[in-house]
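As written, the chains take the letters A, B, C and D, and residue 1 is the first residue of each chain.
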Amino acid sequence: MKKLINHPADYVDELLEGLVLANPSLRREGASGRVICRAHPGRSGKVGIVSGGGSGHLPLFTGYVGEGLLDACSIGNVFEGPNAGSCMEAIRLADHGAGVLCLYGNYGGDRMNFDMACELLAGEGIPTLTVLGTDDIASASPTESEKRRGVAGIVYAYKAAGAAAESGANLEEVARVARKAVEATRTIGVALTPCRVPTSDVPNFQIGNDEIEMGMGIHGEPGIWRAKLGKADAVVEEMWERLLADRPIGAGSRVSVLVNGLGATPLEELFILYRRTHQILSGQGITVVQPLVGNYVTSMEMGGASLSVHLLDPELEELLLASARCPFWKI
Amino acid sequence: MALDLRALQKTVALGHSRMARIEAELNAADAVLGDGDTGSMLARVLERMAAVDLSRCPDLGTAFAELAKATLFATGSSLGTLLATALLSFSKASSGQESVTSARLAEMLEQAIVAMMQRGKASLGDKTILDSAKAIAARLAASESGMAAAAAAGAQAALEQFLPAPCKVGRARMFPEKSRGAHDPGMLALWLLLKPETRTDGHCKEP
Amino acid sequence: MKKLINHPADYVDELLEGLVLANPSLRREGASGRVICRAHPGRSGKVGIVSGGGSGHLPLFTGYVGEGLLDACSIGNVFEGPNAGSCMEAIRLADHGAGVLCLYGNYGGDRMNFDMACELLAGEGIPTLTVLGTDDIASASPTESEKRRGVAGIVYAYKAAGAAAESGANLEEVARVARKAVEATRTIGVALTPCRVPTSDVPNFQIGNDEIEMGMGIHGEPGIWRAKLGKADAVVEEMWERLLADRPIGAGSRVSVLVNGLGATPLEELFILYRRTHQILSGQGITVVQPLVGNYVTSMEMGGASLSVHLLDPELEELLLASARCPFWKI
Amino acid sequence: MALDLRALQKTVALGHSRMARIEAELNAADAVLGDGDTGSMLARVLERMAAVDLSRCPDLGTAFAELAKATLFATGSSLGTLLATALLSFSKASSGQESVTSARLAEMLEQAIVAMMQRGKASLGDKTILDSAKAIAARLAASESGMAAAAAAGAQAALEQFLPAPCKVGRARMFPEKSRGAHDPGMLALWLLLKPETRTDGHCKEP
């Protein structure tokens, strides 16, 4: 598994350096340079929104820093939580006097580090609330949905919370919106090929040359089943069966859909997946609003895709369509 | 037998020197059901820890705080953050102290387990480093002899006891059956870091 | 080489169906559905801009249909020119009474089919001019630069010509601007891993597990050398040496730069390439304006990247910064 | 000997039936220095051509036009577009005709070569299908016997003659040395499509 990189230990720092050089709307901060924030901070009195997590998922997390989305991100090593120090730094940078929402995926390391940071900052008088992304239906049963990991669907929570904060909502209100967006979102992914963490010599999992795994996590966490890869339409059909079984959606509903590539899957294939998705949903009387097709949350060179559904009500639809601009998403 | 600054520095140095040999094995153990980074992450943590000059610390409390800080800057992984949580707990408990006895270390470890449980939301019996810590604390409390031997014995006993058990936290939780018979990478790490040095002639010596 | 697709023969039609379902700003047209045009055509009297080529390069070509960019595209099978019929259809759809510029990469099949279409349409009274993308410096020597293939740098020509057409320039003027943009642009690529045409059982080329090829074309056309993959910085340095040798750029100049991923190369790595690029250029007193980093022109799941430089003058800079919006690029 | 609608339909059918067997070989030949699609592209073209019912065409001119249209809808590749260019040229030259002699076909092919040269901007001697077409035209002009045999002989002669020559157009142009000793995929395609059928017992029969 070849990589166009320099020394593996410099991977994260060098990519962050390139990211901010290429995007003047972003600034790199923090004692060890592991925080990305807006170059032009939000207005005073705006609720701050911070996310963070391990590297290796671009555009997530740092790429969503921008107007109408995130204020700052703390960023860890590849597939590792951001350290508590960088979480503190990110929260401080995002605080404009109205408190900060910590909005990130439900992973042990991330949670522990953000929790530590929030506890320490409470002492400094920065109020924080936390909402976790828990959209991956393959990662825990519905009865344990609070244990589910956060995957690509988190971008819908960023969008909703970001728009609410921009419109002047207070911290509790922004957190309510974020929670509502998380609850309205479900994701399931399939993996075809692994990736390799730069500091490792081996791929993060093994899979046969003709195999697909349903429900695998974005770090290669084992999924629901593994079998010979069949037709894309059949894969999409099963994914939607699972998504709609987990969260039934009635005819007449409006949803947004994210067909997300994990890194190495060509856009062409994502559109083939979207085609069947659109057929299935319109066949059930469900209207798709603002579909997203592309690489929104990746795992470096991993092959595969995830489907997310975001069930809209008038409030969430307005927040989704509100204007926003970050390096990777402009509305 | 007591733990003082010199013994602490030696323990860190020993762990650091072992990492190169055990890194791949730990990554592989984590790759079974996790993301395969336990070894690389610990290598980074121990490298940072070993770079801390503990001889300048006035007491154990400061030394543990420095090690915690090094860890917190080196990683944001679950294991690393729990380790830092334990070190911070040790730091509070040993503030102003230049050395602690085996029995006191056992008490400190019990407190650290509580702190780690609060931080990580896992329980004893979940097949994690908490279970290793518990077994180590028990051996330390009972031991009259070497701390190192007691710690190693505890890590080994927990590893063996939990081998057939299902894992109940983190990524492996979803696959209790697959996790039976596989070592938890964190527990394995403690054993490989603490186990007595094997001499090339096959005999064991105390670390 | 796994693919999330259905029947290989349906690949192009299904992905185009998905593309327009997901992007209401695009419409699918043509007797065999091989034309993509704007859903809301440009105003009457605007010069039309048409491009086209083989499938497998998304976002190229169809993804650049939109305001300030292309009016329509004809699209062929994977890595195959668009057929003459679809070129005629695309040109007709793009014609708003002021003639049409055909702006596409210099490949035999594409050229023959567009030429046939233009000849046939001259009879219908639609004036056309043609400008070819010839940015790939690895594909012919400077003395035969008219034989060079067009690769990622064509997006700069789209942008310049699209902005000129939008601003009301006539056909000759739009063609002049496009030619100028092509002449101001140079690209070189490296390949790490092949892709597979869906109807084929084998990858489009073979390459060792630790090898890189300098100068390889986007369809796998052989490059300049092949060797063991070293550090990314060294690769970037050689690419810039070659680019700047081909087209010297003085201190004080302003350029835009495109770090383009070929498909499977993670964004993280593209930013690592951009980092060194930025260092090299600023080290020579060259200012980078509006750098582009991402997958702009791909070859499905091919691994590798290309670097393009677009030398600006005040006119080209204004055209580059003019507003534009297509599904994959918003300014 | 003359080419009429039935013979044309039979030739197309024969080519179509051969494609499955030669597709991979042609892709491989194109993959040496090109993009490896010659076989798959021709398979698609011949499939579309074979689907055209030529028996309903009033004359050869119409039949060739139908085949050209089928080709132009099937592909936008260089080879396919040149083939369509030749077919359009044939169509003009045989308008109103129900059959053409070998000598007339040779003349038509010479005209088609001019049309393909204008379209493709290549020259004779560049090691392309133009050179095969030229050799075939020469054999057709001279031949008293079977057209099929003459065409096959021309394709084979050109293929052999140009094997050691460097390629001068398209992707292979950049690598004249690599192209020496490698068959041009388009020239190879003509030979494999036109060559006499080999019986399983090893004897040859005319197609």
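Of note:
By our rule, a contact is a pair of C-beta atoms (placed from the backbone, for glycine too) under 8 Å apart; a residue touches a chain by one contact, two chains touch by 3 or more.
Keep in mind that what you see is a predicted model, and the values were worked out from it rather than measured.
Taking the definition of touch as given, a chain qualifies here only if it contacts chain A and chain B alike; none does. With chains reduced to the mean position of their C-alpha atoms, the one farthest from chain C is B. Centroid to centroid, with C-alpha atoms defining each point, chain B and chain C lie 54 Å apart. Taking each chain's centre as the mean of its C-alpha atoms, chain B lies 74 Å from chain D. In whole angstrom, the spacing between the mean C-alpha positions of chain A and chain C is 29. Between chain C and chain D, the centres computed from C-alpha atoms are 32 Å apart.
Judged by the touch criterion defined above, the protein chains link up one after another in an open path, with no loop closing it. Every residue of chain C that touches chain D in the complex is listed here, in rising order: 32, 54, 76-87, 107-110, 112-113, 115-116, 139-140, 147, 197, 199-202, 204-205, 217, 219-222. Chain B meets chain A in the complex at residues 24, 27, 31, 33-37, 40-41, 44, 72-78, 80-82, 84-85, 119-120, 169-171, 173-175, 178. Taken together, the chain A residues at the contact with chain C in this complex read 2-7, 11, 14-19, 21-22, 55-56, 58-59, 63, 190, 192-193, 195, 209-210, 212, 229, 231-233, 235, 259, 263-275, 278, 291, 293, 295, 298, 300-301, 303-305, 330.
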